[in-house]
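Here come two complexes built around chain A, the first alongside chain B, the second alongside chain C.
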Partner chain A sequence: MPSNADPMSLAGVHARLQALFPLGDLAPRRAGLAFVDLPATCAPPALSHLRDREGFGHLVLLTAVDWLEEELFQLTYLVCNREARLDLGLRVRIPREPARMESIHDIWPTAATYQRELREMFGIDFPGSPRLDEAFILEDWRDIPPYRRDFDTLRFARENFAERPGRETWDPASHMRQRLYPEANPGMDPSVPGDRS
Partner chain B sequence: MGLLTPDRSQYPALRADGSLDIDLSSGKYLKLWQGPQHPGITGNMSLELTVCGDEVVEGKTHVGFLHRGFEKLMERRTFIQCFPIVCRICVPEPDFNEYCYAAAVEELAGIEVPEAAHWIRTLILEMGRINSYLMYLGGQAGALGLGVIGQWTTHARDLMLDRFEELTGARVYHLFILPGGVRDGLPAGFAGRMAETLRELETTLRDVHETLFCNAVFKKRTVGQGVIDPAWLEPYGVTGPNARAAGVPRDVRRDFPYLVYPQLDFAPVTGQDSDIYTRADVRRRDLLLSVDLIRQILARMPRQGPFMAPLPNVLHWRIPPGETYVRGECSRGEYGYYLVTDGSGHPRRVNVRGPSYTHAVALLERMIVHCNIADVAALMVSLHTYPPEIER
Partner chain C sequence: MKAELEKRLVTGPDGVEFEVDPLRDYYCDALPEVQRPAYLRIVEDLFNWARAESIWILGFGTGCGAIEMRPLMTPRFDAYRYGIQWRPTPRQANLFVISGYLSVKTLKRVIRSYEQMQNPKYVVGLGSCTLNGGMYFDSYNTIKRLDQYLPVDLYITGCMPRPEALLAGFLELKKLIRAGKAEGANQYAANFAWYKANQKQVIHDWDMPDYNW
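Now for the complex of A and B:
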């Protein structure tokens, strides 16, 4: 069915893309920026189509969002058409285990860097991506990938680093409550750091 | 750079997968580490170079020496608590982090920023751009042994830091651009003192032009060297002055207008030759453009009106579910923040898109092949990379 959308708008791009791939609805964020869901297997050909046919030549970023409660990773491919001033974010949801996605380094060579980082920080595999197993930021990392939601930074810090004596950690909400309403806790002097009496 | 030995038989052959067949035990090749402690390196990164004679046959970028897990830390903090973190992602030009993060939060939270705050934000971003370019010019000259230029530009940068201190109360990390606006208006007499600083800056830049850009040694070692092929711009995500020096007028300030840039009179600074010299010259002229923009801002900005929108209690601030991407043109190219919220009091995900992420890894690793060891530092500095925005 022909679309009435402006061919140079995100709606027009979405309509043409939807004729080729099983896309979700367009989720506009603001003028010139929208997100759309699509199946993992469709992402590389859809990105190729966007680059070659729709003028989205700039891969702005590739990153992941960990939806731990849904046992899913969301991969966001944000691509940009500078001439038309359009940004389109392709959202792909993949299972957390095994976390695997097709590489797009053959579409944008610079994607290999993003994929190395995602492999290291989220444990997402991109078979065939160059130097995927080389350390990118971490060296000799033995824990679960640190940017996963179930990686506990506080536990890791306590197990691996010595506590500096005398350091106080203040909860901002209770601290400000005490400063603003000292009569509620008359025993505590908010002007004295660490006074928890 | 560019001095290739005609006989390629002594150089490594390509394997079927495209990698180089380098046999270190043959004695033909040598591994050299440039950095992380090395005068010819920018910031906390290192280059693993494989050389044959004095020619680089393979180079790999190593980062992570300054990794502090900022993006992860922000997932456990309230939206306002993220502010002391974001500015530390880029030391020489921290304000872009504050702006991009604040603008993303404002967009998802539906906050309207007052007009005066837009002008002050633009002023701060241009002041930060000047600081970053001054640091770059000193580094670019220093990479070729011209140490005095760095002393002059450091002096000029110090004058601009005085203006930052006067305006924000801090010299390096300003924490001035908050969601909803900025923390304060301009102090009395600021415009006059800024005008004086800009005049001093222009004098320094004239000296730098005569001493550096007209210098035979600088020209000999930079003209025609380290060329970025315009065909690489899209595949390698090249933005900012690196792209503009290749003749492509790519500037977020004009392409995706934000803040008050649509009300200012300017055109992107471009070059043609795409070599180290042209990139340095584009940045010098872009610096002068920032001087002009600051003069326009100070002449036209509103002197009255609110500079901060009313905010909810930031300690209990929950932002509706959503996601967005906000970008700006920093001194190195496109800087952006991708923010995802889930309705809680903490960001679900913050991803920082720094221009160095593409310039210092994939692009540099491609450009460094066939480079002479002595030119590696100049080439790397010419891409104007800051490692912390790679490893966040």
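Now for the complex of A and C:
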């Protein structure tokens, strides 16, 4: 698709990439940073193209978002073109079960570390990625991966780690309201978060 | 396997033959013992005075609070005037400052380092996290009560305590040592099974000896 955008801008990159892959619209965040959605199967060839043809030589990060309600994981590949000072984020959505994505460690070896982290923290599998099943941060984790949103971290902490009795939680808003205007909120218990009775 | 890694008989300089297995980890695995105070009160007081005047801290920053110890080494706060200094190895240290939140992964290294320290040794818990979890009360990988896993002689509260608070805490610890009340290491030895059970409850991949000097 011919475009009249500046060939060195993200819009130019997007136009050239759109001729090759079924891309979504470009979502600019600020000058030099934009995100674009694309199907999961297109992400590795698109990243390869960006690295080799468009000068995006640096993988800034690879991270995930858990869209629990939609039963999806979103992976974000943020790549950088240092000469042109451009950052482009590729967003793909993959099913939550089974969570699997093609590895890109052959495009950027550093991606293997991100993929190990995603494997441990989100339980996303990247078949073929080196040292994927070695412990990354957690050692001998036995629950569901802790960054999944259906992992109840408070319940886990209560069940596993001893607590010192007497710890009180004060909701700052209601506590200060009670402290500053006691006559206006006579029956309020400041130790109950959100108690506006 | 290389020849030098295989089990073999070695003759020592005194002529005694003994077997050496180069792949075995040699350590003293005797359990810790309660150190009785000296027979004479005046001797024990002398020991305690000496202990209080040479607090050597293990340079192991276990959490964010370690950043508050760095200014203590500088001329502005200058902890060295109190006989407090930092040492690079557990063998030379007698105070372990657990500086802030303690993840389960770090706890494992902390236990190993603590057990390698020589008696008499003390533990100071720094910050709210060591007391009741602090802001990490709902974290999936930090413990909430340090005294379940290690004997704590003194807590310094705050999030974060300033270097002045640390100095005050160290001076308080000196008083405890001089009064003979900093008995954490003995408490650890006396309740060793209880501490080990608590430690193993959170550290699942227990791949180290139960005790090593």
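By definition in this document, the second predicted complex is superposed on the first by the 181 of 197 C-alpha atoms of A that agree within 3 Å, B and C clash if a C-alpha of one lies under 4 Å from a C-alpha of the other, contacts with A are read in each partner's own complex, and residues count from 1 in each chain.
Heads up, the rule we're going with is that contacts are C-beta pairs under 8 Å (C-beta built on N, C-alpha and C of every residue); 3 or more make two chains touch, one makes a residue touch a chain.
This one's a predicted model, so the numbers in the text were calculated from it and none came from an experiment.
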Q: Based on the superposed arrangement, let me know which partner A:Glu139 touches: chain B (first), chain C (second), both, or neither?
A: both
(Q) Between chain C and chain B, which one touches more residues of chain A when both complexes sit on the common chain A? (A) B
Q | First (chain B), second (chain C), both or neither touched by A:Gly32 | A | first
Q: In the overlay, answer first, second, both or neither for which of chain B and chain C A:Phe161 touches.
A: second
Q) In the superposed arrangement, does A:Met176 touch chain B (first), chain C (second), both or neither? A) first
(Q) With both complexes overlaid on chain A, does A:Phe21 touch chain B (first), chain C (second), both or neither? (A) neither
Q.
Going by the contact rule set out at the top, does A:Thr153 touch chain B (first), chain C (second), both, or neither?
A. both
Q. Considering each complex separately, which residues of chain A are in contact with chain B in the first and with chain C in the second?
A. 135, 137-139, 146, 151, 153
Q. So in the complex, which bits of chain A are touching chain B?
A. 29-30, 32-33, 35, 51, 57-61, 63-66, 76, 78, 82, 85, 87, 89, 108-110, 112-113, 135-139, 146-147, 149, 151, 153, 172-173, 176
Q: Please give the residue numbers of chain B that touch chain A in the complex, ascending.
A: 63-64, 67, 69, 71-73, 75-76, 78, 81, 107, 234-237, 250, 255-256, 315-316, 322-325, 327, 334, 336, 338, 340, 348-349, 351, 353, 357-358, 361-363, 366, 391
**Q.** Contacting residues of chain C [partner chain A, same complex]
**A.** 104-105, 108, 131-133, 137-145, 148, 198, 201-205
Q) In their complex, what parts of chain A are in touch with chain C? A) 135, 137-140, 142-143, 146, 151, 153-154, 156-157, 160-164, 166-167
